[in-house]
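Shared between the two complexes below is chain A, which has chain B as its partner in the first and chain C in the second.
On to the complex of A and B.
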């Protein structure tokens, strides 16, 4: 019984640790294999709208408020409300559209895998071989 | 593949080859039409016309001041309809129609304006070009002064608030529009250096039908302007400037017994500075605007100085509280006038305001604001006798509003 409890505790802590890692993923066609915070913020604030090969950057967001979204925006150094304000200003000024918000991480994965130039984020444990991982955020 | 069957009646004696020729011709025309429709349909699906916008409804209570009694008013303060279409990978067209103050043409309420209509070419982050009727980049708030969902204010800082236009010369303080603007930024590590340069009409737009076409510049001068700025993390700051020539002093010519042309095309300089910074849950933004018109002969000076500073705090993601102070200082010197009214002293408008905004949803923002306004005004009266009238007054405005993006 003790072994079962210890095992369960171990599995729970391992799962939670993995869950605190967020992967920034992109379509396999994007011309970079890694990205830093500054570049990621430039994409998400629409300061930069094209990859270095001239392809359009298609930015994606997650609709549900949760740990994954919190970790991602904390990494960018912006609150979700601040990002919404930046996107709203861009939209109302005719300078760009806000990112499309995916209803779930599964939908995010499918969208990124199917859309050339797309970039997004989700829990590290949900990444598969259909997308490219540019950076992993969070503690192990 | 299109097929067209020709059915001949009993009395139809058309030769066989003519039937084939007519059929082929009709088939080709029909195929061409179908291809054209399909192509247009595919293009419209790829780059659809987007229609969206925002509006703000407000209740405002103004206490009595000068000759005005106390007033309460609900209004559709502002509605903006926006149209946007991507014309190609680097081209965008944008149109902004604005309706103000319960607009109704039949009741002659409010106003309807074409605020913006431009096409933009984006070469890169370093170079963008806009042509058409546009709001030029000047300081921080100017570009978004009419974007009500973005502002926590119901009553905006004085230089940007049209409801005070009868005693604040808004169109003197800020450049109203431009027709061509180049802008972009240069990255340097984590910093970004912003620039913008633009050209547009001078302020001498005719609104008198008796003088010819309205809405056009009646002079041979232009407005030139620009902004240089720096963004680093949550810090943003910049310096702006414009230059044009102003005819607004021409109305003094009769009082001075000189030709109107003596007071036309007076050089006007505007300087502006903006600073905004977000730290922890606090946000701070401030601006100054300095306008100067000067002429040597006859001697004439007019200076306007505007400052505002706002400190805000995000209590939660949805709730934002702020306090703000605004000051408008106006000074005019007219030495050519008779001794007793040679120089007007400062006009001051001071405002202290507090408010809050709450995001009920991503697209619905509730606002509340209280403002205390102090007017110290000197007005030069030209008719029936030349004199300076001085008024001092305090009044308050309480406002509630809901701002919706759709």
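On to the complex of A and C.
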């Protein structure tokens, strides 16, 4: 009986984890260890372009449409299309280019690990030690 | 509880509407009207609220959303058109302007989307946001996202002057995307339009039904108000007016008025009180009339008693006078008798002396003459003395006023006494004619009868102006004695004849103050159970007739 319960609980938490946890990751060099929603939003809307250490904030988007992207943008409070309108405006007014769209979560991981000041998001389960996890979204 | 009691059989009779008191009737009547009005208002308010919500649906939900979507459609179209145009923009200045324009368009689109999404949120809360619309918008969102991705590629191509590639890009999948999301937007507008029309249609139905029902209720209320007003009239105004009329009639004096209002409310009770009041009034009136009659009768009796009292007083006075007179006369008679005796005796002595002298004085003629005169004078003295004695006797006769002397009397004696007493008044102008028949003695109060004869003789004497005649006739008839005293005086007018025996009547001047003489005479005759009548002709004379019973 005990084994059954424990197994069920493990499976349940694992199931939860794999479907609802998105990690916001950043390059190890970024000067913060955690971030909140409004700061994150400011990065993505390019309202804040630089980290406190002066490094440029390099924001990354995920191209494939899916649960991860959905959870992340839901957390931000904007749909991807709304976000992209902001980026388009920025682009047209010359303020800046839209973030690069990673073709996959692995690519996201690679880029962030390699780019100082970079910040992005992916499924929590795919995070490795090469990057800093600033916040995990959807954890309960 | 009121209604439960109302419908139990025993109570139904008592609870009939007309027997409720006025306050209850009014409360019920007005209560019904108020209830209907309140119900009508609540109904119309409810319907108006429904109407408002339906109109709100249109104005705050469907239409604004349709407008927002339309704007998005227009702006995205403009953007795309600008994008295509941008390819052919040559100068940097123009390019810059275009970029600004396009940026502004994006801003507009964002605003439109904000508007729409706010409205969406509000509508979702009210349950006015359909799944269909949600799906359409989500699809637009996705495709617009993808189109923007293409745009991210497009603009750098332009700015690197890779125009052909740029155009190909925009006219490739991007074009499809554009058409698709544009279509979504069109359908979104259509959906909103449709829902808006539906809401408007519902509003119209609500309005029409409300209008109809309100009109019906309005009409019904008017009818009911008329009905209730008539009811009020019937239960209140009409009875009150009847009451007013009846009161007016009673005030005018008609006490037979009765009200026929049978309800058990205050009006009915008032009517019954009114009826009782008129009955009481009638009874009181009758009672008063009877009392008035009684009073009048009593009054008459009082008057009669008063008259009798006055007569009695007069009689009493007269009796006193008579009594004192009687005493006086008796006294005088007594006094006179003494000297009379002396006179008679002396006269007799004188005559005898004269006889003696005469027989001795036969030779002397002078002496014979003187003696003759002496004898004559003595005779005169004697006669006069006798006369005085007779008068005194008559007076004494006349003064016999004792009531206790009820006795058999010869009427003729009484008449003669009275005549003697009147001789002075008769003098030479009035002659007396006697027609005496055989009459028995009658039992009476002689003094009183003498008073009567004297009264009549006095009247006769007064009536005769200058010279005349008094006739006295006595007869017997049917156990009665009749005495008629007639005169040839001036007579009594016919109209005064009836009153002649009334107390206080006076024919005019009279030497002796006995104006009540005839009425006293009347009373005396009545007391003797007799009759006294008068007959007269003006200018010819008067006849008094007395009839007295013998026994």
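Quick note on the criterion: the second predicted complex is superposed on the first by the 122 of 140 C-alpha atoms of A that agree within 3 Å, B and C clash if a C-alpha of one lies under 4 Å from a C-alpha of the other, contacts with A are read in each partner's own complex, and residues count from 1 in each chain.
By definition in this document, a residue touches a chain if its C-beta (ideal position, glycine included) is under 8 Å from a C-beta of that chain, and two chains touch if they have at least 3 such contacts.
What you see is a predicted model; the values in this text were computed from it and never measured.
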Superposed on chain A, are chain B and chain C clashing or fitting side by side? clash
I'd like to know which partner A:92 touches here: chain B for first, chain C for second, both or neither. both
With the two complexes superposed on chain A, say which partner A:28 touches: chain B (first), chain C (second), both, or neither. neither
Touch check for A:103: first (chain B), second (chain C), both, or neither? neither
Looking at A:56, would you say it contacts chain B, chain C, both, or neither? Reply first, second, both or neither. first
Check the residue A:79 against both partner chains and state whether it touches chain B (first), chain C (second), both, or neither. both
Touching partner for A:70 - first (chain B), second (chain C), both, neither: neither
Superposing on chain A puts chain C and chain B in one frame; which of 8-16, 26-34, 152-160 or 314-322 is the clashing stretch? 152-160
Which positions of chain A sit in both the chain B and the chain C interface? 79-82, 84-85, 88-89, 91-94
For the complex, give me every residue of chain B touching chain A. 52, 54, 82, 84, 89, 92, 94, 96, 116, 118, 120, 122, 124-125, 143-144, 147, 149-150, 185, 187, 190, 192, 233-234, 278, 314, 317-318, 359, 362, 405
Which of the residues in chain A come into contact with chain C in the complex? 65, 79-82, 84-89, 91-94, 97-98, 101
Going by the contact rule set out above, which residues of chain A touch chain B in the complex? 38, 42, 47-50, 56, 77, 79-82, 84-85, 88-89, 91-94
Parts of chain C lying in touch with chain A, wherever the complex brings them together: 99-100, 102-103, 106-107, 109-110, 113, 141-142, 144-145, 148-149, 151-152, 155
